[in-house]
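Worksheet for the structure shown next.
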Amino acid sequence: MGLHPDRLLPIEPEARDVARRLFSGVEMLPILSPHGHTEPSWYAENGRFPDPAALFVVPDHYIFRMLFSQGVPLEALGVPRTDGGAVETDGRRIWRLFAEHYHLFRGAPSRLWFEHSLQTVFGIEERLTADNADALYDRIAEALGRDDMRPRALYERFRIEAIATTDSALDDLRHHDAVRASGWRGRVLPTYRPDAVVDPERPGFQDALARFFELTGETETWAGYLAGHRTRRAYFKARGATATDHGHPSARTADLPAADCERLFEAVRSGRSNPAENELFRAQMLTEMARMSREDGLVMQIHPGSVRNHNAPLFARFGFDKGADIPSRTDYVEALRPLLAAVGNDPSVTVIVFTLDETSYSRELAPLAGHYPALRLGPAWWFFDSPEGMRRFRETTTETAGFYNTVGFNDDTRAFLSIPARHDMARRVDCAFLARLVCDGRLDEDEAHEVAHDLAYRLAKNAYRL
Amino acid sequence: MGLHPDRLLPIEPEARDVARRLFSGVEMLPILSPHGHTEPSWYAENGRFPDPAALFVVPDHYIFRMLFSQGVPLEALGVPRTDGGAVETDGRRIWRLFAEHYHLFRGAPSRLWFEHSLQTVFGIEERLTADNADALYDRIAEALGRDDMRPRALYERFRIEAIATTDSALDDLRHHDAVRASGWRGRVLPTYRPDAVVDPERPGFQDALARFFELTGETETWAGYLAGHRTRRAYFKARGATATDHGHPSARTADLPAADCERLFEAVRSGRSNPAENELFRAQMLTEMARMSREDGLVMQIHPGSVRNHNAPLFARFGFDKGADIPSRTDYVEALRPLLAAVGNDPSVTVIVFTLDETSYSRELAPLAGHYPALRLGPAWWFFDSPEGMRRFRETTTETAGFYNTVGFNDDTRAFLSIPARHDMARRVDCAFLARLVCDGRLDEDEAHEVAHDLAYRLAKNAYRL
Amino acid sequence: MGLHPDRLLPIEPEARDVARRLFSGVEMLPILSPHGHTEPSWYAENGRFPDPAALFVVPDHYIFRMLFSQGVPLEALGVPRTDGGAVETDGRRIWRLFAEHYHLFRGAPSRLWFEHSLQTVFGIEERLTADNADALYDRIAEALGRDDMRPRALYERFRIEAIATTDSALDDLRHHDAVRASGWRGRVLPTYRPDAVVDPERPGFQDALARFFELTGETETWAGYLAGHRTRRAYFKARGATATDHGHPSARTADLPAADCERLFEAVRSGRSNPAENELFRAQMLTEMARMSREDGLVMQIHPGSVRNHNAPLFARFGFDKGADIPSRTDYVEALRPLLAAVGNDPSVTVIVFTLDETSYSRELAPLAGHYPALRLGPAWWFFDSPEGMRRFRETTTETAGFYNTVGFNDDTRAFLSIPARHDMARRVDCAFLARLVCDGRLDEDEAHEVAHDLAYRLAKNAYRL
């Protein structure tokens, strides 16, 4: 038992040897985490993580979605209900339920992340079973009480060099201020995520917009709205932000005449907009954000293509982010054209595009990124943050876009303990891919070492301007 | 010559060894065939199979489509014309034509199925050629005259534990009754396939509907129509059916108010419906069938996405199922939403979805099945019932849906002799996939043995309630 | 350094051995190049190729698109501006810029083509670097001055047996006449490419149409227009053409009544057609061309799915073919139905379809080609003319369409020196694929040798009627 030392490397001995050499050169590199969802308060307050279930099961949609898919109610897993109704609160019982269904995770990346955390953070090499569930629970719970398990200690132990959080445009970033004021040497950066004041279809949009204008002191016009974004971006940038992030239903962008923008804004602001106008407003705003990126140097990230809250009964009961976000077919060729016409030929701009539609890699995204100076491809995302997903990403993008129009790895996680596991996985899969190129004569080994280093560290550092 | 003992296992020696061990544990397991198209009369009457051409060529669209694609007329292959016009009737000449074009099947799964049958059923290890065509024809023809080549003997020799047929909603299931009355221990189950009375665009729909009402004695209203389905489902269930099957052009589902359903039914019944109404009626009926499955416990299978009878001139001459059914792009995310809102969160319901659009595996189907308790993924289907197709199925679904939201293998065939070949292929490809997970450290070998057994036997048994 | 002798063959030793044996049987076969874009004037005039930059960088969109994507202006690479504005003219400086960015091509097929040319044509085994850029420039420039580097000498040295060019319907083919008149034994064939007079949305369409009628002496009616195509096709055929080629935005075909065609033609001819009519006209013309192919025996090639000139600012500055052509989602099932209804069942017709949308291989194109006698699949095209692209082509088409509904390899290039490199790559990748089939028991080695020969030579010879 325990982690296989050559896990995810090629099985063929010659290629495995090459991959081992490549991996040994990048395994211990610092971690750059330029896109993720950890809580800034963890670093500011440096409190203890709660019990094993609250750490590994309750907040992790990769885990509870799989259990739910096999008939385990979310209530039994302690997932809070929006109506405050009763759910399981006994961490040990939740943990046992997880252990009893542990076979469901065979072949899933979440299993590998979990076992990497168990072994490297808690020294546990046994496989979780119904039989040892209580014993492992106790070992983890005990460890979580130690000071070397607090967020700042783990940040250092994980060799994190910088980590970005994702923050609402309305956030005052007080936790980020607290981290900086504390004198701790960790580097925790905010990311400007304005979806709540950009997407008219998000619940609470009108209220968020009102607060946005209150906060920025601008007039409620299109010009005032844009000025407000500039103000807030500057506020984020002053606190270390190097990037913005945009989670839209589609990748559609637009570049309308000013008068149309004004009319569109007024429809949206007043709550009288229809779905087509909402989509158009989001589309226009991506182009506006891209132009602001050209002004202030913040890197722009676009995460499109998730149909959120697909399961209406579940959404009514448990709210957002409960594993019912489903990828959908996503077009980029026509969708990105207006934005690219505006900033795509400017090498000083960086727009990083992600996808949940793997068919777009070879057909659309690699050809676009292999042409436009401003465009870069984000790593395999979400359901594809996995060995097979990462392999397909390289196999379908490298020949057209090369390695240097990609931006290294993002862990994109709110599961703090899984961060080293995810970077370890990405480094292994990339080294495995490179080893195959070396062994079948497509790349020399000295070059592969350089590329491995680029993929693990330098590309993220450069693309995110860290 | 002869079958390679390690065929379809990994080439790399270490992985091949693991795969051999896994496969040896499942090779001899009984066959469950919960979805297929063999004739119930074969088991009822236990007659002899006809000559080699009538067994292997004339009825097998995998075979004659490939010959046709290279210019061999279907008439020369003995495929009957709808107008009763002359076609080749000499089995030996048809067989020779097949032999002369045998090279066309290089790399195709139908070649592997055929050779598996030749060797394991007829003891023939030679490759078919123009030179040995006559000799092999004679050997097979002679064997077909023996009693141990009759359907019931083969059923037993193939270690089939249960086999489902696919039967029209209007069928009286007399052959199934005869099998049960005969005292033979074989288990032959009907499957309720109501397409003929559900799809207004099928030729003969109005007549089928009239017979449906006659058969069930219900009034020709929406309520009577639904009641009729309940009656027929109960009739099938009483004769052993555990499942229904639905072959629709798309995966679209709907859940309309009762008044709309009544209006829609009246339009369809009276023959005045337009294409949009036809599509909506089929969509509504999938949701109705899902609700009936919740009532009566029949497992629901949805097979969408085939554009039937693409070749109009060929269809006019030879009718249905002549190799001119072409897959098309199929959406599931929005299409299945109404049905899933109705029954998707109920773990007591099982809806098994198939696809002919492989892009939907990682993007749509695995995320949906990895979330909704009622949803399971059917195996790689039709054109993808093949080594590469099965491999891609596992590679693109396992990381998100795991193994346990899939349902094992279906042979889906009307070619009785190919059943063991197809299960053999599926078991080998799954063991090969598992061996790779073991060798690169993603799964322990003891777990892989358990999963191999699940994929070969237990998942089908549980999913289809056998 | 230098090319790996086993490059692109399987890494696993047993499979590599088989692949080596297969490859040794096809490595030295003559090259058939039935679809490409070399200049007929090269063969007619047999002049010298210019300097290394003008040979390898300036005209090659695979090269300059990658440099541009990383911020290198096209002006600095010597790409001519449409306004005649100043661009770099010093070949040595362009070459240095290429050398400084050579790492961008790691993992890209263009790197392999380039290094194959360097080594086999110029005897250079060093990797290009900023340090050796000048020295290599000098060696290549010197070699280009030698007579054995002229086009005809290279044609012979490359063992080319026949090469097709692509020529406008308006071309007088004077260079082809000159080649034939010269007594040189090389076989250079024109290809009829009528897009300029078929696509109403091409700049200059009205002028081209006027010249077409002038050239053919036909009346400006639908009937005259079709007669004009027949005349021009005969002109091409008399000069050795065996094929036509059609580069359309989509694969849509139509087969309208004559009166509709006449109205449509009049709208298009008079410049009053709208986008829907333009699309319909192109669609109709594909079916007309297919019918003419049935009459005159020219093989028809359809290259759909490229969104041309995606980057409007770049197009304004540099014009066509500057790396901003982006693939898009392409449908075939409904799109090709009218054409296939007209000629698809005729084995005497050959329609070769290409795609830039890999999702269509297994879902649409292989099932269509595995059924219709007239349909064949072109090789992996453009962005997919690469090791991974070719591998995916075989993996997703072979099981359904077999090898014999494909047509061998096309280099599709205007980069003359890369022709042997591209055929070498295709032969290696196909032998690697075949070796895997042999090693996992799907094909016998004697058959694999025959298939390797077919893929490298015989299929192209037959499909293109060479």
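What to note about this one:
Should a chain be cited, it is by its letter among A, B and C, assigned in written order, with residues numbered from 1 in that chain.
Everything below uses one rule, namely that a residue touches a chain if its C-beta (ideal position, glycine included) is under 8 Å from a C-beta of that chain, and two chains touch if they have at least 3 such contacts.
Values in this document were obtained by computation on a predicted structure and should not be read as measured data.
Look at the contact of chain A with chain B and you find different residues on each copy: under half of the numbers used there are shared.
Rounded to a multiple of 5, the Cα-based rotation taking chain A onto chain C is 120 degrees.
A straight line joining the Cα centres of chain A and chain B is 40 Å long. Multi-chain contact residues, meaning those touching two or more other chains, occur in chain B at positions 10, 12, 359. The touching residues of chain B, counted against chain A in their complex, run 10, 12, 14-15, 331, 333-334, 337, 340-341, 344-345, 347, 359, 362-364, 366-373, 375, 395-396, 398-405, 436-437, 439-444, 447, 450-451. Considering their complex, residues 1, 3-4, 6-12, 65-66, 68-71, 103-109, 111-112, 127, 307, 310-314, 323-324, 326-329, 356-359, 383-384, 386-389 of chain A touch chain B.
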